[in-house]
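Just so it is clear, A, B, C and D label the chains in written order, and each chain counts residues from 1 on its own.
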Amino acid sequence: VTHEKWPLAAEDYKRYGRQMIVPNIGIQGQLRLKNASVLIVGAGGLGCPAAAYIAGAGVGTIGIVDGDEVETSNLHRQILHSTSKVGMKKVDSAILYLKSLNPNLKYNAHTSHLTPENSQGIVSQYDLVLDCTDHPTSRYLISDICVLLQKPLVSASALRTDGQLIVLNSPPLLAGNEAGGPCYRCVFPKPPPAESVVSCGDGGILGPVVGVMGVLQALEATKLIASGKLTSSGSEEAKKDASMLLFSTNSNPPFRSVRLRSRRPKCFACSAEAGLTLEGLSSGSLDYVLFCGINVPVSIL
Amino acid sequence: MSSAEDIPIIVEFTGGLEMLFADERKHKLSVPAKDSKGDAVTVGWLVEYLCDELMRDMRKEMFVLDGHVRPGILVLINDADWELEGEATYALQPNDNILFVSTLHGG
Amino acid sequence: VTHEKWPLAAEDYKRYGRQMIVPNIGIQGQLRLKNASVLIVGAGGLGCPAAAYIAGAGVGTIGIVDGDEVETSNLHRQILHSTSKVGMKKVDSAILYLKSLNPNLKYNAHTSHLTPENSQGIVSQYDLVLDCTDHPTSRYLISDICVLLQKPLVSASALRTDGQLIVLNSPPLLAGNEAGGPCYRCVFPKPPPAESVVSCGDGGILGPVVGVMGVLQALEATKLIASGKLTSSGSEEAKKDASMLLFSTNSNPPFRSVRLRSRRPKCFACSAEAGLTLEGLSSGSLDYVLFCGINVPVSIL
Amino acid sequence: MSSAEDIPIIVEFTGGLEMLFADERKHKLSVPAKDSKGDAVTVGWLVEYLCDELMRDMRKEMFVLDGHVRPGILVLINDADWELEGEATYALQPNDNILFVSTLHGG
């Protein structure tokens, strides 16, 4: 909380005025957004819309991690990139767009993929992480480092006509504290068989389907930050079960919220019996590729 | 009422699992109230039943592995994680909604 | 249906490949998208994301109608514009962005607001209309002209933390045919009292809330077009009731689908007893401003 | 059971209407099964009841105008437009969900 009379710049009142008058945001919420830092892992179909709305909302520091380059086949759904940027690093392309939308924020480019070795150095710089990646290996890695560094995690995924969204490790309490939110391993203790894993490249994806999920990630991030629930001290509410939002374009109703378990008593990452350590993770003793099996989809599921 | 009575339930598949079940997302089923031993039927019983009776696709291992629902599939009983409801031992009630969701990884 | 061996350009297979392999799209769906034309009325918080994903998906002709200019207070949610475009016509700004995302489409700029006088000339050029506007007067006008010209209408709205989405006049059958989809007047025969109408400017809006609704409009449009249901002849399915999607960020569950009525037997626009005609509408004998009352919000609802 | 029995219902407000009801979106209510004349209570009765008993805001005209729910508010009975269910004459059943939605116009 700042005690200045005009804690925001004059332009900020104009730029963010329409969201500051929304109940639950206000000046307090806008200041929290300004002082917050968000890491977006993946600048693809989820990361593009998520980044646009997070920058629009005025989150002070935005980091983006991705090692890939823009391809023509991305453009139907990865709307921050453009035809003239094919071949450019996705992170650089995305930041060019974001700067033109909102030049008043700090943007950090992380132009290689997240790995067990670099994840601590990168994730420790941020308050909140968005998992916008597209493989189980990265999903377990991101969840693990978020548990170790006590960062809440907004995770989404999409394939074909379906999408899923879940807020993990929120509140981000120390491993062993049962009042913390469940992690990815609590919900999915074992990885799926490698032959059941299909990427958007192989299975296809409708642009607006992954787009909706990415925008919803931005919304969850905005709500967590503006309400002061980023840290454990900010989340004083009664413990709620985690929930997952399911979206199926062709189902009726298309959206469905389901209730998930809380932290798993024997979770490898977040329980009192956790075998996960920063040292183990960064030394590479956790082989996420081996854990998840080989990555050669031989099946359509 | 006789023990041979059937109970109506709804079984749904999403996240791509519907492809294993003739591309139908929603199945209105009528299942026996008791199994062959006379015990109330459970979700565990249902999983076997679906595998044997409903699934025409040959890739059973995409649904059941080593006698359990394969990793990467969430089972929801009336929109709650089945781990909150007793998992496979949960006894089916009339009009229950059992949802099988394959986790997605794309982005 | 085309009978050429390679009905799409070589680049199109690359650009749209990920959506063409989605079940229900395929080459057939992609060709329908290519041959379709969509009019987006309003280049604001709904129109921006809707236009991005519709252009990404490869809809052959995209028209945008808006008389406004970009303001700094738009940028938190109107993500196609950018800081350097403040003062530019929103339509021109949006089309600049869309051309850089997908240069292979035809874009039409309509740089004044839709009026009873110009609506027939504009709407008649398109197959499908998206209502991305922000006032009851335009919502009744757009619905009326869509009924008269037999165009399906995807209508969305948002305010503060809530959003609503409804597909109207689909199938777009002649007035009096009860198998047609309901119009806006079927659902809302009387306009709300003027003092109950609040704009996003006055009531505030979270960017990702209106963003989600706009992306969902693009999804409904893509589905309608790709499935061949744009015209009455394409929609041979059993008549279903119309439904409305409600979104409330702070409700649990946040999304809810509700079932609406079919065409209203005495609807002023779409029933056998309709008093609405193209001549009446374009001559200005329907005063939408008078119908909806004065536009001075005196209340917060 | 006596005619004085109460029936539990859920009443919800969204689209901004919740602001008229102490900013609460969801209200679990218990209403009498019969009105003062001994007839089953209807949604029409409920609207009056909400206006008189639940609403503290003075702007009644933002909810009811000329004796009817004001234009621009959709009433949904168990997620269906009340016009499909008999409108104001619909007789309340135990555990009904009645949702009032103010139409939004922003974009």
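Methods note: a residue touches a chain if its C-beta (ideal position, glycine included) is under 8 Å from a C-beta of that chain, and two chains touch if they have at least 3 such contacts.
For clarity, every value in this text was computed on a predicted model and none was experimentally measured.
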| item | value |
| --- | --- |
| Count of contact steps on the shortest path from chain B to chain C | 2 |
| Computed distance of Cα centres, chain D from chain B, in Å | 38 |
| Whole-Å gap separating chain C and chain D, where each centre is the average of the chain's CA atoms | 31 |
| Between chain A and chain D, centroid-to-centroid distance (C-alpha), Å | 39 |
| Chain C: positions in contact with at least two other chains | 23, 160, 200, 203, 205, 250, 256-257 |
| Where chain B touches two or more other chains, by residue | none |
| Inter-chain touch pairs (all) | A-B, A-C, C-D |
| Sites on chain C touched by chain A in the complex | 11, 14-25, 49, 52-53, 56-58, 72-73, 75-77, 79, 81-84, 100-103, 160-161, 200-201, 203-209, 211-212, 215-216, 218-219, 222-223, 243, 245, 249-250, 252-257 |
| Residue ranges of chain C in contact with chain D within the complex | 42, 44-47, 132-136, 139, 156-160, 162-164, 187-193, 196-200, 203, 205, 210, 241, 244, 246, 248, 250-251, 256-261, 299-301 |
| Contact footprint of chain A on chain B as seen in their complex | 12, 14-17, 19-20, 25-26, 59, 61-62, 65, 70-74, 76, 79-81, 83-84, 99, 101-107 |
